[in-house]
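You will see chain A twice below: alongside chain B first, and alongside chain C after that.
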Partner chain A sequence: MDSKITRNEVRHVALLARLELSQSEEELMTGQMNTILEYMGKLNELDTKEVEATTHAIELRNVFREDRVVPSLDRKDSLANAPGADGVNFVVPRVL
Partner chain B sequence: MDIHSLPMHRIHDLLESRQIGAVETVLAFLERISSIDPEVNAYLATFGEKATEEAKLFDSGARQFSASPIAGTPIAIKDVICMRGTSTTCGSRILQGFVSPYDATVTEKLRRAGSIFLGKTNLDEFAMGSSTENSAYLKTRNPWDIGRVPGGSSGGSAAAVAAGLCAGALGTDTGGSIRQPSSFCGVVGLKPTYGRVSRFGLVAFASSLDQIGPITRDVEDAALLLQAIAGYDPADSTSVDLPVPDYRAGLKQPIEGLRLGIPRQYFIEGTHPEVEKAVREAIATCKNLGATIVDISLPHTEYGIAAYYIIAPAEASSNLARYDGVKYGHRAQNSADLMDMYRKSRSEGFGSEVKRRIMLGTYVLSAGYYEAYYKKASQVRTLIGRDFLEAFEKCDAIVAPVSPIPAFRLGEKSEDPLQMYLSDVFTLPASLAGIPGISVPCGFTSENLPIGLQILGPHFREDLVLRIANQFEQATDFHLKNPEVKGGGKCK
Partner chain C sequence: MEFEPVIGLEIHAQLKTESKIFCGCSTKFGGSPNTHTCPICLGMPGVLPVLNRKVVEYTIRMALATHCTIAPVCRFARKNYFYPDLPKGYQISQYELPLATGGWMEIEGTNGASRRIRIHRIHMEEDAGKLIHDDYKPFSYVDLNRTGVPLIEIVSEPDIGSPEEAASYLRAIREVLRYLDICDGNMEEGSMRCDANISLRPAGTGGLGTKVELKNMNSFKNVQKGLEFEIRRQKVMIERAEPIVQETRLWDAGRNVTVSMRGKEEANDYRYFPDPDLAPVEVDQAWIGQVRSELPELPEAKRERFVTDYELPVYDAQVLTSSKALALYFEAGLKEFARPKLLSNWIMSELMRALNKSEREIEACPVSPRDLAELLRLLDSGIISGKIAKAVFDEMFSSGKSAQSIVDEKGLVQVSDQSEIESAVDQVMSENPKEVSEFKAGKDKLIGFFVGQVMRKTKGKANPQIVNDILKKKLNG
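For the complex of A and B:
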């Protein structure tokens, strides 16, 4: 059986997902993702060439509103849960 | 009389006629929580003091029991729904210590309706799971057999209602997370139509599927709790601006003449024989009540699992990108740079099922795989939706099992993610189609484990689903049985 996803790909997907997996997690994840993706192959039994994709079960219309300022969460409340903040901004490790 | 074994509408009647007091009621539940919950582990947090204060307002006349038909009754909220000033963990380490700065719309609506909040209930981390074993904090037990899971992901809410640890509760359903635990715990659970209830303040898992709904002791309570939370909300642009009918008023209408569809794909090999038997008997009961039974086909049912477990993780991988250790939640110490902080914080904060779904979702959305997986699944979703539309031309509602199996043992499926996913086979299609569905008790196995009957209706026909469920419930006595939880033990 061809594997759907290799360990190297798992490492790459983890990077895209901003996760860091340990060696053993990586190995387990590769096996489990292969089993699951193998199962997903079931969908190929269906011919969907002419079928439109559904992104929402209920018909959605664009919702417009007046462009005016209304009260929103204030700065103090917005920063209250931050692991790093200086009272004005979120504080993060150096970017540059 | 045990207050804890009464439905909300009965408690409300007693409160309004001053036969019991609101504080007395709250204290009765709090006392039961302290004696029983160490065994059940339904709650992640309780608000004893605040709840008692709220109750005093009712007893003193500062608040009126006439505020709504559930005013003054104590309820529990799944810990994925925000309540201002209280913690919302989503069962995850990554949100440990997070305090909601605002109320979800449903919380605000319930405050206005006079609900008294007893606490927040346990769940699978970010509502991802079918057993509540994925919570980072507690393993909730099934009150009918503490060696078994309560189902999930709203396992804490379902177990709390079943064990009499609250009068009613809110859960959320993305792929069956209200219906399946309600079935496993022998209570009533309703997943409303997508868009019927505002999702504002519900922490997002899969935004095109998530819906908040009631978990209660009987169908009348489900109608009343839905009434209190349903309706359009400008803060959730996917909520639908349609009138909300009077759900309780419709319950009494007989089901005579209604056509109930029995989908042959929901009676398959692998279904527990006692589950099938109970559901077949329930169908016979509906027939005796005057319903016409129609054989129907939902041909794409077997593709629901594959489609769901592509679409939901894809949406989750995007929604959960917000947990970055910056705005809230866990931040890893000693990171070399910003990227390192993101990766370490997320890896330390998320549990294994959440990581697995983020990985799957990221993979199926990534360049080169999008068409083969995500697009394909979204097309199959269309076919599943069409199945239901076509079925509802032949029948008014659909009757089927909720789950092919009754509550399983703790640990029985937790090592094999795919086996766990497969157990959702009968709840996922309705979620993908966005239609309403209810689980109502319809029997017990020889091991005294509850079995649920699933009733599905067309979009925005909660009234019909509730009416059928109520007529079935009133013709049976399964909902009147209570589990015996001794309390005093410890199994944390």
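For the complex of A and C:
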């Protein structure tokens, strides 16, 4: 079976995700992503001619909340899982 | 060859809700960094966003005010990109099914005539966080308080023909947002932001040239200056037969130039798809009717009413409705002093001059509508003269005192007493025998001189009409 995902597409997606992949990682990802697509391809075996296309599994409409402020997290909890923080801000490698 | 610019604007307006668009965190500006955050706006795994009903209601308001068609069903989409100010890795926005499409906004065109700028769409989305860059260390600091603050994006058609028109359209949109009370429209603080698309084409032709996207213009002046620069730049390129690159450029207000973002630019591949976490939004006629019935009076309607009900000239109506606060000031004044044209004159001349001079907005005016009305009643009933009224107004503006107390304190009540004025006239005539004989010999113009002398003697308090009458009688007698 021919590859659906090419090496170039893997590079493009890696760029969008700000990931730097080595040659061997590119190869590994190309293979894995194709396996995933093949697996998802099984869904195409189903006959969906009679089923209307939808973006949601259940027919929900207008799920709202009222415009009311509720307490936010404690800042130290908000920052707790961050790889970099100084107690006030998240700290990231300089951008732009 | 003559070229004409083709301009379209994308305006982002922060909605004045109490809480964010998908969570209950506060939207208040100026909170300590990262104190208005929760698992939802931090983009933690496994959380579910729930839409703030008021965001939809406010967007419907704007859609109605700009004559848009409201979609019976609209939905949210994920716009995917990676940047540190966007914790989820995607921004929740609307893509192929926005809430509103196909409206228009009336503006004052370059030649003074009114122009219609078509609105392509209005959609809801969430704001991103704020980045601060360290000047010395290789770090950036991320504050996520703004993440998830509700925005609407108002996208115009490329109907705008000059930088002045762009500024005029932007002002008109801001005024409507303020009248609707859904956005405070402060460009400097970022509660209203504007990007532009601009291209040039040979004048009078219908085509579209290569367009450039212009960002980072955070004031009315910068929008106009940025567009003016870009028109000059593109003209030179075309004349040199150099190709115009379709790109994003940033306005650099320090250097007064636009700078290409090429190289630094994000890869423009947002892979939009419908957000499965959010249910579609259905807006039925009942909801639209409800919002419509609660709409405040908009600038256009107010202008017309000022002309018909108060018999004001169109120009006055335009100036008075140019801001909601000014219109409210005028109408509050009118409740206490029911002579529209006189009130309008004073607001447009003395009041606006004093505000400009002190660089204050009408909201911070030290003279209340009631105070101004009191002053005009004193003037209108002849208790003080016009000249004195202007001086009293200046004093009111600088001290905040009421007109009556200034008039009482300084004894500025106009003298209408016949005998008092007569004696002043007699004194002036006996002190200036030369002028009296010249006047009697036919030099009519000297009447001004005499009036001036009498006014000086009475410290400006004499009723000018009575002064005139008495002078004419005595000089001609």
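Rule of thumb we're sticking to: the second predicted complex is superposed on the first by the 70 of 96 C-alpha atoms of A that agree within 3 Å, B and C clash if a C-alpha of one lies under 4 Å from a C-alpha of the other, contacts with A are read in each partner's own complex, and residues count from 1 in each chain.
Everything that follows uses one rule, which is that a contact is a pair of C-beta atoms (placed from the backbone, for glycine too) under 8 Å apart; a residue touches a chain by one contact, two chains touch by 3 or more.
From a predicted model like this one, the values you see are computed outputs, not experimental measurements.
**Student:** According to the stated criteria, A:V88 is in contact with first (chain B), second (chain C), both, or neither; which is it?
**Tutor:** Once the two structures are laid over each other on A, A:V88 reaches chain C alone.
**Student:** So, A:D67: does it touch chain B (first), chain C (second), both, or neither?
**Tutor:** second
**Student:** Examine A:R75 and indicate which partner it touches, taking first as chain B and second as chain C; both and neither are also allowed.
**Tutor:** It touches chain C, and chain B stays clear.
**Student:** See if chain A has more residues touched by chain B or by chain C, and give me that chain.
**Tutor:** For chain A, the partner with the higher number of touched residues is B.
**Student:** Chain A residues touched by both chain B and chain C?
**Tutor:** Common interface on chain A, chain B vs chain C: 15-18, 55-56, 60, 63, 65, 73, 78, 84, 90, 92-95.
**Student:** Hey, which residues of chain A end up touching chain B in the complex?
**Tutor:** 5, 9-10, 13-21, 25, 29, 32-33, 35-37, 39-40, 42-46, 48, 51-58, 60, 63, 65, 73, 77-78, 80-84, 90, 92-95
**Student:** Looking at the complex, which residues from chain A come into contact with chain C?
**Tutor:** Touch list, chain A to chain C: 12, 15-18, 55-56, 60-73, 75, 78-79, 84, 86, 88-96.
**Student:** For the complex, give me every residue of chain C touching chain A.
**Tutor:** Spelled out, the residues of chain C in touch with chain A are 17-19, 24-26, 32-39, 42, 50-56, 73, 75, 80-84, 131-134, 137-144, 264, 267, 269, 271, 274, 276, 278-282.
**Student:** Going by the contact rule set out above, which residues of chain B touch chain A in the complex?
**Tutor:** 97-99, 101-102, 193-195, 208-209, 234, 237-238, 240, 300, 302-303, 305-307, 309-310, 317, 321, 324-331, 335-344, 346-347, 350, 352, 355-356, 358-360, 362-363, 366, 373, 375-383, 385, 417-418, 421, 432-435, 459
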